[in-house]
Structure formats: C-alpha cells, structure tokens
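Pasting a structure here, questions to come.
A, B, C and D label the chains in the order they appear, each numbered from 1.
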Amino acid sequence: MEKERVLEVQDLELHYFTRKGVVRAVDKLSFFLRKGETLGVVGESGCGKTTMGTALLNMPTPPGRIIGGKILLEGQDILMLSESELRRRVRWESIAMVFQGAMNCLTPVYTIEKQMRETLQQHRQMEKKDATDRMKNYLNLVGLSDDVLRRYPHELSGGMKQRVVIATALFLEPKVIICDEPTTALDVVVQAQIINLLKDLKEQVGVSFIFITHDLSIEAEVSDRILVMYAGRIAELGTNAQIYGPQGPAHPYTQRLLGATPRLHEEVEELAFIPGTPPDLVAPPEGCRFHPRCPVLLERCAHDDVPLREIEPDHMVACWRCFDE
Amino acid sequence: MSEPILVAENLTKWFPVKRSVTQVMRRERTWVRAVDGVSFSVEKGEIFGLVGESGCGKTTTGKLIMKLLDITDGRLMLQGEDVTHITGAALAQHRRHVQMIFQDPYASMNPRFTVEDVLMEPLEIHNVGKDRAERDVWVREILDEVKLSPPEEFLARHPHMLSGGQRQRAATARTLMLNPSVIVADEPVSMIDLSTRAEILAMMKQLQREMGLTYIYITHDLSTARYFTDRLAVMYLGKIIEMGKAGTLIDMALHPYTKALIGAVCEPVSGRVNRIKDVPIKGEIPAATNIPAGCRFHPRCLYSVPECWEEEEPTLADVGDGHMVACRRYREIQALGDAARTSDASLGLRRTA
Amino acid sequence: MKRDRMAQLRSFWKEFRQVRFGVVGLVLFVVFLIGVVFEGPLLTYRDTNTRWRDMLYWTNSPRYAMPVWVNWFTSKDYAKSAVIEPHNVVEQTDGLRSVTMDFPYEYQAGRPPSDVLVDLAITGQVALSITVERPDGRTLTYTKQTSSSGSQQLRISVDQNLRERVYQMVASAEDPAIASARNPKQINAVGALFGKAQHGIFSEPEVLNGTYKTTLQVTLVGATAKLDRAQVVIAGGVSGILGTDGNKRDLWSGLVAGTKWALIIGLLTSLISVAVGVVYGVTSGYFGGWVDSLMNRIYEIFVSIPLLPILIVLSAVFKPSIWIMIIMMCVFFWVGPVKTVRSIALQLKENAYIEAAHGLGATHRRILFKHMIPQLVPYAFASMALAVPGAITYEASISLIGLGDATVVTWGQILFDAFSSGAVLQGIWWWIVPPGLAIALMGMTFAFIGFAMDTILNPKLRTR
Amino acid sequence: MYWKYAVRRVFYAFLMFAVIVFIFSALFNSVADRVLRSQIQETVNGESRARARVMQNRDPNEFLVWKEQRKAELYRLYHLDEPLMSRIFWRTIDTVTFRLGQSTIIRSSAGSQSVMTIVTERIPRTLLLFGTVSLIDLILGIILGMRKARKAGGLMDKATSVGTMVVYGMPAWWLGMLLIMFFAFTIPLFPSGAMHSTPPPEGIGYTLDLMYHMILPVMTLVVLGFWGIAYIARNIVLGTLQEDFIMSARARGISERRVLFGHTLRAAAPPIVTMAVLGLLGSLFGAIIYEGIFSWPGMGSLYWQSVQQNDIPVLMGNLSMTTGIYIAGLAFLDLIYGFLDPRVKVGGKA
C-alpha cells in the first residue's frame, strides 16, 4: 500500500542571478517524499542539492530566486505563502533543516538554552518549566546531558554541536527534516554515531527525512530511496535496492559514480572514474546534460532533452539508453 | 626484501601549550603530545598508509618526515642517513628528496602564480637546470606526465582556472619536478569530487610504477587507503596501534580501535542497512594534552580491564606476516568476537535491545 | 611573468571600472595631478611659491576682494581689478625733457573699486604732475611733486594718500552743513571719487560711470633721469578666480601652489607608512612566536599614543620643516595597516602553498616577498589611498594651530591665516571655503579610490 | 575568569602608560630641562630680590654665593644635577604620579599655576563634548548601518556610502568654521563659541545654557562622525548576515526582527563596538584642536593656548593626560569586548 505523501515537489526551478549570468542551479525538479521514509539526495559539488534543500523552506540564498514550480506540503503550496505564514506554519513547524556545517549554525553569542528556548517560544505557548523539560528531553534523546543547555557553542565539540542542532530540529516534531551533509567534517566514528542516531529517531518519532550528501556509501546506509542529481536535474531516482542492489543502477552517471566509490571489504584493482568536469550551469550543454562525459552516449543524447521516466515501479531514470523505444 | 628507504624510530613531537603568567610562575608546563613515539619503516617503491581520525597526529607525522617541524625526540633516517637534526645545506638536500602533496588543492598553490610559475618554483629554489629553456622543457615533460596536456594550454593558467582534479595534478607535477624519492601525500583526494578521485589515485599509482616513487599516504578514509596502499598503520592519539598489509589489516583487524573504525565505515551496498548500528567504541577522543595512562585507548575500549590502565602501555607486537598490534588483549577479544558471531549474540543486537 | 602582471592589472582595471565612484575618484585625482603639472600656467601670480609671505609682492592687489564670479550673482557688480598701461605717450625733448601720458579707465561697474593706485618707478631728478578727469569734468589733482636723485618706487593710493584732495574736489556738491561735518581724513575717498557729485556723496555715493582719465606729466631733469615704469592700478572689489585675503594675496594662486604640497604630504606619508606597516605586519604574522610578541608590544605602544596631540607637541617643540613633518607623521602612521595585515598574514601562512614552498626549501625571504607580500599589494594600495586624507588633514590641523612650515604654502596655512585674522567672524567666506573645500575634495578623491578598491577586495561586501 | 582578564587588562594599560610617558620624557628631555632651569632661575631671582630687600648692605659676593647654593639645592631637588638617564627616569616617575610641575604663563580659572590643576579642570569639559558626540554617533551609526546592511546595494545604501566617502577627508574644524559663519553670523541662531554665556545663569538655566552652547559643536562633529561608523557597521552586519547561524535562525522560523536585532546585531556587536569606538577614539583625538574653533575650554583649546603662549610644561602635561585618557579608552574598549563576547569571557584572551 502506498503511504501518504508528505511533500511533493513539482517542476521546481531556482536560478541564481549572478554577474556572470543566470545559473540554473535547480532545473525543473519533481519528486515526492512519503511519510516516514528517508529520501537520499546525492550528487557532486555544485549539482544543486544544497540549493534544493534551502528551496524546500522557501529560503533561497541571494542572489538565488525560485522562479517556478510548486512545493506541496500536505497539499498546500508553500511557495504561495507569505513570509509570516511561512514562519508560523512551515519553517521548523513542518519542515526543519540540519544545515551543512552545522557547527556554524549556532549563534556564537547565545547559550544553547537561549537558542532552543527562543525557537520554542516562537512556535509554542508553553510554561517555562515545560519548555525546559522538553529541551532536556530532546537533548537526552540525542545523547547529551542537561548541562549542555548552559554552554556556549564554542564550548562544545563538533559532534556535540551536531547533536544539539539535531535536537533542535526535532523538538517541534516536524513532518520533514532536511539533513544537508550532516556528517561531513566529522570523523568516521562520530559520523557513524550520528547516522545511528538519525536512524533511531526515524524509528521512534516517525518523521520523514531528506538526506543530502555527496557520499554514496552513506546513502546506502540510511536512505530508503535515492535521488541522484546531476547539473541541477534528476539523473535517477530509485529505491535503495534498485540503486545498490546486485543489478545496479540504470543511469550511466550513477553506475560510474558507484564504481568510483572504493569498497572497504573488497580488493579492487581499478576504480572507475568519469572523465571531464561537471558543466557550467550558466550555459549547460544541450540535450542530456551528462552527455559530454557519458561513455555510452547515443546520437540523440547530444541534442534531445532527456525526460525523466519510470522504467519500473518506483524507479525513474533520465537516460535515452534506458528507454525501450 | 629491499632496503627501507625511510625509517622512523620512536618519532616524537610535543607542542608546548601557551601558558598563563601564573602557570609560568608555578613552573607548570603542559604539552600537546601530537606525535608520541611512532616507529615504522617504508621500503622503496612502497605505498605506506597512515590512517586515523582528525587529531591523531598523522599529519604531524607527515610534516616531521618533511622536516617542516622540528623533531622533539626519536630518530628519522632517509636512505640510511640520519636526518633527524639536519640543518642548512643538508636540510635543503632533504627537501629535494622528500616532497609533499597537500589536502586542499585550492590552497596548495599560490593564487597569483600561473601553473608555469608553480612548477618553476622548485627549480628556482634549488637552482636546478642550466637555463630557462632547459627548465621549460622539463616543465612541459612533467605536465605531460600528469596528463595535463597539451602543456601549452595549462602553462599560463592560474589555479582558479583549473578544476579541482587538474589542480591536484598540477600539485603532483610540482612534487615531481625535483625527482624525489619519497612523496608524502596528505589526504590528496579528500576534497576532490568522487567522480575524479579515482582518476587522480590511478595517476599517482601509475607514476609510482613508472618512476619508482615511494608514497606515504595520509588519510582518514579507510576505503581509499585499502585501495591505494600496500601497508597501513592506524594511529590513535599520536601512536601507531596497529600496522600491517592493507588487506589483512582491514579484513582481520585485531585492535579494538581499528575494529571500531572499520565498523563505522559505510559501504555502498544494499541490504546492509543498519549494519553500522554497532560501533564498538564509547565516549569521545580525549585531548592530546591529557593522554590517559596505560593503554591510551582504554577509556573508550569496550573490552578494557584494570590491567589496561594499571600497567604500562602495550607496544606494537608482531603477530605474524608483518601484522603488528599494540593491545594486550587482542587474542581474547578475537575469541570473543568469534564466539559472538557464531552464537548470534552480536554486540549490535545487544545494544539495540 | 611581466605579461602576466599586465593581464592582472588589466583585469583589476576591468573590475575597478565597474565601481562608478572609483572612476570619479580617479578622474578627480587626475585633475589634481594636472593641476600640479601645469602649476606654472595656472598660477596667476608666478612667484607665489617663493614670495607668498613677501608683502611687497602683493601690494598691487586689493585687500579682501571677492572672487570675480561674485559679479554673476549680483545686480550691482563690483569693479574688477585692472592694471592700466599708458596711452598716448608724448615725449618732448626740446629744452627740458618731458613725457605726457594718459591712463583711461572705463568705469562701468555698479560699485567702486577698493582703491586706485598710481605706481611709478623713476630714476634721477623728476617733476611729476598727476590729474584725474572724471566723466562729469571735475578734475582731481593728485600731486605735483619732484623727486630727488637715485631710483625709487612711488605709489600713490587714493584711499590712503588722497582723501583730503578728493574731499576738496567733491565737497561743493554736498550740502555745506553736511560736508563741513565730515572729517576729510575719514571719508570713503574711492567711493567719492567714483560717485555722482550730488547730495549723499559721502554717505551713500551713487556711482558715476564713464571714462576716468588719469594724466601723468613727467618732467625729467638732467640726462640720467628717466621714467622706468608707469601704470595705474585699479584695485577692484573683486579680483581673481578666488579673491584675495587680508594680506592682499591672491587665493587662487595660493590654492594652486598648495595642491602639490597636499599631494606630496598625502602620498609620501601614506606610501612610506603603509609600506613599512605592511612589511612589519607580514613579518610579525609570518614568524609568530616571540618575534610576533615583541613586534606586537612595539606596535601597541605606537597605537596607544594619540596621534594629533603628539604631532602638535613634536611640532611645537622641534619646529620641523615640511619634510621632517612628513617623517614624523610616518613614524606614527605606519601602525595603520599593521593589525589587518598581520591577521591576513596569519591566514595566508596557514595556506598549504606557503607550507608547500617551505617544503620545497624556499627561504623565509622568498616566502615573504614572493608569496605573501604580493598578495597584500592590492590591500596595501587600498589602505594607501585611504591614508592620504588623514595625512593631509593632520598637516592642515598642525598648520591651523600655527605650527606649519613657513617656507611653503599649504592649504592648512591659508586657513590658519584666515582663522587668525578673524575671517570667520567677518564672514570672509572666500578665504575659508576654498582651502577647506580643497582639503575635503582631495580627501574625497582618495576615499573614492580607496573605498572602490576595498569593495573589489572584499567580495563579501558585494551585494551582487 | 572575566575579572582576572579585566585586572590583567587594566594593569597592562598602566604599564603601557608608564612606557609611553618614559618615551615622552626621553623625547622631550632637553626642552623640559631647559624650561625647568629657567623656572628655577626665576624662582631664585625672585627669592634673592626678596632677600635683598630684607637684608641690606651685605657683601655682594656672599649674595652671589647664596644664589648659586640655592640654585644647586633646587637643581638637586628636581634631579637636574643627575645624569641624563636618571633625569628621564625621575621625570617619568613624576608624570605617572601626576606631578606635572608649574606652568609658565597659563593659569587655571582659579589662578593656580599647577599644570595638573590646569589640565584636570578641562578634562570633564572635553569628555562632556566628545562623550555626547560619541554616543550620538554610535547610535546613529549603528541604526543607519543596520538599515544599509538590510537593503545592501539599494539606493539608500549606495547614497549613504557615497556620503561616507564625501565626508571622509573633511576636517571637522573647517566644517565648524563654516557652520559658525552660517549659524552664528548669517543666521544668528547659535552662539559662536564658548561653553556658556557670561555670566552663566544659575540652576536649570545653567544646564540649558550649556546645552544651547553645545548644539553647534556637537552638530558639526556628528554630521561628520556617524557615517564612518555606519559604513563599518554595515560591513560587519552584512558579513554576519551571510553566516550560517543567521540562515539557521531564519529557518527555525524566528521572526525577522529577532533575527536582525537579536542574533545579527548581538553577534556583530563585539566587532562593531571595537571598530566603532576605536575609530571614534582616533577621530576624536584627531578632532581635539577643533575645540579651539569653538572656543570650547577643553583640553584641545589648551593645546592651542599653550602653543600660542609657548607654555611648554602645560603642553607636556596636557599631552601626558591626553595619552592617559586615550589608553584608558582603549582598555575600556577591551573590557567591553570581553563582556560582549562570551568566547573571551570564558576562554580568556591571549
């Protein structure tokens, strides 16, 4: 049975208006997120994955602007909401985000308590004591002790700060949490602890996650479905089994990317790689955006824009080779 | 077995911590024990890996080998010669033999220099080559070597006009200019996109085969270490706690810390979701100013017993086939692990229950 | 390498061009430079630089004359300054030698000039006769005098020497009661000379336009006697582009002469001090450790001294020349960029390429001068530009107190003269506004340039 | 922890003051010696005249000997007979203990010739004027800076930035002259100078009169002053607005007001206060002679007077005191910084 969709994105377009020209960072992106699932978003740097994350809060960083599409949160298009409605009903209330480099996401001059309490006050009418209890509960949930509340951010280690940020993301019990590279810059052990924590929380709280990272191995570990982005567009979208399973992904980009990921427990003689560099999004190549780097391109790839099509249930690919025509 | 090209014996680097006035008066001195007695030897043509988490001293070790930092204690030998305390001309000579590739390709080249300037610099410093024309030929050759060809296209470019991969190639080319015998590569691919990472590593491997280079590969990433290196040493808080052939060390890790590290690594394989549920380690890394007594890993070890902190720190012991481990309980732990695997009572299950 | 520099410069210029006020600043700077290069032709008084304080040089100018362009804004225009050369020179050589000449003055202004002077240079024994014929036919006889041997200069001022004669000439036109009540020594002689001969000539004279003809008759006694120079100087109510000050000096010339000093003071001080500061800061940051600590302490001593007060006291005690003053300013100005440069150096030092150069065996000197300082050059230029106005203002401030170098003309000294002779209280705005405006304008010029560079250097501050 | 830091900072300020005074003493040693010698000569002459009146018909030789003795005695008292370094040392000690000697011409309002009295009676006047200016500058500057940063690149931002540059090199005293000319003479709205009317009114009238006299000088300095602070504040706030924690606060649904005036301004406050107050300190001590234009009887006018009357002891004393206040200002600034930034408060700086 299909679970209900919490979030649905339709034809989302976000452009950066820079001096050099218009950067089409997110170009007609469509996908949805089911209740209680984790959607992984992978891609190389500059493919627009972080941009997409901030767009979901309707908070593009200047000079970026959302120029088209819909973001339906339980049927309601949040792009139509006013700034104050967004603040009241969407941001943190329904969608919370753990930003990339979460260490810098805490205001350095405020104590943890002040920042958390402020967030709570903004959204809930609550007795002071109840608020304190709630903050402590969630800090304990992420494995931190109460006395963290009194500390300033610079007194905490990177892993602790990350946990605080996650606790803050959780404690309004939003429907969706976007995690943008929550573990980069953390050591493997801490990374594993954070991943474990997020998985536990998913089981216990039942929220949906969008997990953005450049690391395919982490996605294999955490995500139910994986969305592979390339140059502002979706290259492939499939379930964990479809992407990482024995038959492997369908899109040549995903295939190569996976082949380039070293395995710890296998002896690999030669790793795969993709020659060339990602395209300049001011003037992306015609046709399939991956075609200049594609090892198996067809003639039509160079000029025909490639659509995203479902090739099997829950598995969408944007590659002419994968379509039976 | 060939001659070791580089030998480190009990290599140590302590940094003094800046003291307050009262501490000076009380004659208190605290030290950051960044590298705390590291011994290993590297053979010619070998790729030796140093892995560990941030702050374990692996980068400092690299800099000690480069002689970018003064060695506090211990001995460093290069090609049979003691280079521990060399200065002046000998040091300059050392810097021709040992080269380094840095982690951040964006920072490792002066943004105001062109690729040509970057590659010329080592020649200018050491006054190699009889004139500019000769140097020019070399620069072009090396650029070809690292597959930045045609060289004319790259010579006049500034670093910001190169992609991350190209930049790391140029940085590699710079290290090759002086025909070194040892190259210290400090996380050379960690900031490079996955799609080109393998390309760089493949190039480095090819160069090694062709030119008979010796690499010391410093990384936090066990997966690339396994792919790239011949031998691997795992560092924890300034000390090597396990060392051996890369494959053996990862597939049959003995030290509980190595096991934890390996357990924490994600793999791009489906159907193994929840596999890293059990990371057999507790707490956070202590500060390098305050290294625990006894086995330095004991506060975080799930298997530690009183003798681990009451008795002296265990030293690296050979367990056969060059596999060395610094743990006094590794046999018992191994037995425990085997038992757990067979009896289905894995630590992971125990913790989730 | 050289071509590369050019390319860098070109790309910098391309960015600089985008910042509009930066271009405005550059244009202004070029204008100032042109002003310095063409100082000669621009100076209406050629010897301003050497004879600014020589009162004799300025005797022919009016005192407190407004700029000529004031006439554009007033219906009753002021008489302009003029020097009238002799016309109709008639020489007689039979018997006694004599020379007769006319000096016609076409007077059309709405207000009388401030003075009329007859300026003569003669050698030997001479007899003089000077008369002025007004348009209405009344005639003023200046004087009939003979001079003895030797060469001499003669200056006869209507305002100072001829009040009584003017009184005699026009007194008949006024009511005798009023006329007799006037002290002839205190009348406005020039006003009366150029006024209609009617009631009120002493109190509110009405201008009488027309040709005023001064006639000079010289009788030369003996063979050696001769007339070297003869001219009639009309000291106008307005004079020159910027008027004159209380010492009759032409302010435009002073301002032009001061421009080069402002530029020299500003540029030299900022150049030296920023160069020292940058090298100091980089060295301190690069070496770190005890070198850094020591250099920091020295730096802190210098920043803890209030700049203007110490400069005032040093100037008061040692009475320095302008060059020493520039050095003095450098001694305290170099701290300006140190803090920023040091922190930039600390960041640069952490860059892997510094370590790489080190690892390649580069010496400290090579790293400092090839890798670090070149990176600071743009910053150094920006802070140089921004340090210029400070240096100019400080020199002006010291001059304002009266401690300036008296051998040169600076804008600050013009303002000192203005302030100390009470120009503020008398409302002599043309003495105060232009020099201050020049300082402010030059400050603005360099601020425009400096801020523009700053915007280019800190992309974070960019809004797009 | 903060107190320890504070004590250390204050101690350091004293040390710095001593070092600088020592430098001054060395630098101006010869002129100070010369003035002191001539002052002693005058004293001895005066005394000897008085003595001559009391004891007549004494041996003139003996009289000369007495004069020499008396001079030597005074020289010894003021350490003038000692070697150079020792003279410098004693002058330093005298200055840091605020024994600034006697003036040659200038007197305090009560007629005292003590340099200390002359200078100290002027300190509050200077502090009053410049303190008011600083406060207004800071408030206006930060308000304008915030507005500029919020609409960075907009018309208002650009226009005010150009304003900053236009006034950048303008000497305050020149603007003062213009304003006096305009507001005191062309349109006589305000007094042309001085601190109060003569005679000063009593009671509340005194304060009002003082404020009335302050309007023009304060206005002049403020017109020039707050632009720079606005520009600095704008840049710092703009930098802070690009920080991750601001984006994070916005994402948490914190209201824009709180994001701006809570998070942004609070986080930007330490550098803004430092930069602004540092700039103010510099510009105010650069504007100190500006008092002379407005005949404001503060420390700045005292420079003017002592230069014109060549009163070296007053000049030196004034310099030492100005430096002392400046150093105190710098120390105070650091203390505020430590108070504003928890990283300093807890961690301890340096």
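The rule we apply is simple: a residue touches a chain if its C-beta (ideal position, glycine included) is under 8 Å from a C-beta of that chain, and two chains touch if they have at least 3 such contacts.
Bear in mind that the values here come from a model prediction, so they are computed numbers and not experimental data.
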| request: Tell me which of B-C and C-D has more C-beta pairs in contact. | output: C-D
| request: Please indicate which chain is farthest from chain B, where distance is taken between mean Cα coordinates of the chains. | output: C
| task | Averaged over CA atoms, how far is the centre of chain B from the centre of chain D? Could you give it in whole Å? | result | 57
| field | Distance between the centres, which are taken as Cα means, of chain C and chain A, whole angstrom | value | 68
| request: Could you give the separation in Å between the centres of chain C and chain D, each centre being the mean of its C-alpha atoms? | output: 31
| Per-residue overlap in chain D, given as positions that touch at least 2 other chains | none
| request: Would you give the residues of chain C that are in contact with at least 2 other chains, written as numbers and ranges? | output: 464
| note | Listed in rising order, chain B residues that touch 2 or more other chains are none
| said: Under the stated contact criterion, what part of chain C meets chain B in this complex? | reply: 1, 4, 8, 351-353, 355-362, 366, 371, 374-375
| request: Flag every residue of chain A that touches chain B in the complex, lowest number first. | output: 44-45, 157, 159, 187-193, 195-196, 199, 214-222, 240-241, 243-245, 256-258, 260-265, 267-268, 270-275, 277-278
| task | Under the touch definition given earlier, write down the residues of chain D that touch chain A in their complex. | result | 243-245, 247-256, 258, 262-263, 266-267, 269-270, 340-343, 346-347
| chain C - residues contacting chain D, complex | 21, 300-301, 303-310, 312-314, 316-317, 386, 388-390, 392-394, 396-397, 400-403, 415, 419, 424-425, 427, 429, 432-433, 436, 439-440, 442-444, 446-448, 451, 458, 460-461, 463-464
| task | Name, in rising order, each residue of chain D that touches chain C in their complex. | result | 16-17, 19-20, 23, 27-28, 31, 152-153, 157, 161-162, 164-171, 173-175, 177-178, 180-181, 185-186, 192, 235, 238-239, 242, 282, 285-286, 288-289, 292-293, 303-304, 306-308, 310, 312, 315-316, 318-319, 322-323, 326-327, 330
